[in-house]
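Chains here go by letter, A, B, C and D, matching the order in which they are written, and residues are numbered from 1 within each.
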Amino acid sequence: MGVRVQSEPFDAGAEANAFTAAATGAGAVVTFSGVVRDEGGRLQAMSIEHYPGMTERALATHRETAVERFGLTDALVIHRYGDLAPGDVIMMVATAAPHRKDAFGAAEFLMDYLKSRAPFWKKERGPDGESWVASKDDDEAALDRW
Amino acid sequence: MGVRVQSEPFDAGAEANAFTAAATGAGAVVTFSGVVRDEGGRLQAMSIEHYPGMTERALATHRETAVERFGLTDALVIHRYGDLAPGDVIMMVATAAPHRKDAFGAAEFLMDYLKSRAPFWKKERGPDGESWVASKDDDEAALDRW
Amino acid sequence: MIDVLYFAWLRERVGLPRERLETSAATVADLVEELKVREERYAFAFQDLSAIRVAVDQELVGFDAPLAGAREVAFFPPMTGG
Amino acid sequence: MIDVLYFAWLRERVGLPRERLETSAATVADLVEELKVREERYAFAFQDLSAIRVAVDQELVGFDAPLAGAREVAFFPPMTGG
């Protein structure tokens, strides 16, 4: 089902259903959704900047790698940019495979790459103003296992 | 969101959306859906038998263990029994956590336990008649990592 | 008196989903031995215990589990849900 | 001529999202040195290279990457998507 980069909200459940219905012969479908946390009221809004062109390329490459490496029947990546509010779904990945181990592995693989290798940058607005979200050493380290 | 054992079909996408909307403060939501494969046309129908009473207890216990062990904000398990057809969604789990590692780990943990410790038995009907699905050594071995 | 339940191919071999039995078996293994000598269909159903799982009062146990105080014993093949 | 793009706080520090530059820099690192001596805002933006990532023609590269034939260089902080 490819990759999509968009500012518009999307219906993660409807996307998952369409993905599952199209994944004939899959057996196992895993989805991951990232949601804007409100951090106990400290986060009022989030905006996401990205690098048009490179974003789509990077996501398509990671998706293709995941499909080959885990023998997926299909994979989907959707990521929003622009202004988001607490509770909004930022992005989702979905993976379909004959067996659960590969569907799970591929979803984790895609998320690890997406976190540190897809050109998105989050800015948060709270009571004390705006700040860019710092990358986590954990996220970079997570790539080592693949 | 608890556990549900039912013969009726359910809308996995709608369940996932409701789960995500209720999981305030979660950040990461993982779902797994099991789908009846058609095995290249060799599987015509599936029926699932279960142990009423014990099924609900076992699922509730595994869910509670997952919530505590992975610090989930919520977890959901839905499993069907009765007659199913290729393409039908057999079951789903959903897990919500502040960070993706725990949401993924908990969903895999729940699936591993559900496969080998929840009292469901699948029977498949194909061109050569009916047969009970054999358990996989892999599924039993998968429990060792937890 | 104890309720004995059978699931999947065990149910098919025994020929019924549940029955209420009078037994003085001390353990699950003793109960199985009682059943096996009762009728051929039980001997057929329980011929390979390595392929059979047991629950006493809806908790998975081993064949050495005691039956004292138990209300319900269930026999079934390894589970294949998910 | 090469297009140079800046994202996130690099864009804010440099004060523009992209510009077209004439450069004879052989590598990304050379280009950064050219920029740093040009104006204070570039020196500020590029003061800690360990916090900066680079893409040449939309592929992640190191600072030692050659610029020969490149059409587009982008500078940005470590990515925080997902």
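Just so we're on the same page, contacts are C-beta pairs under 8 Å (C-beta built on N, C-alpha and C of every residue); 3 or more make two chains touch, one makes a residue touch a chain.
These numbers come from a predicted model, not from an experiment.
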Partner chains that subunit A and subunit D have in common:
none
Using only Cα atoms to place each chain's centre, name the chain farthest from subunit A.
C
Based only on mean CA positions, could you tell me how far subunit C sits from subunit D in angstrom?
72
Whole-Å distance, C-alpha centre of subunit A to that of subunit B, is 23
When the C-alpha atoms of subunit B and subunit D are each averaged to a single point, how far apart are the two points in Å?
48
What whole-Å value do you get for the distance between subunit B and subunit C if each is reduced to the mean of its CA atoms?
26
Subunit A, residues touching no fewer than two other chains
34, 100, 111
By the touch rule stated above, which residues of subunit C touch at least two different other chains?
82
Output every touching chain pair, sorted by label.
A-B, A-D, B-C
The answer for subunit A against subunit D in the complex is residues 34, 48-51, 53-54, 57-58, 79, 90-91, 111, 114-123, 132-135, 140
Would you tell me which residues of subunit D are touching subunit A in their complex?
5, 7-9, 11, 55, 58, 60, 74, 76-82
Please give the residue numbers of subunit A that touch subunit B in the complex, ascending.
11-17, 20-21, 23-35, 37-38, 40, 87, 89, 98, 100-101, 103-104, 107-108, 111, 142
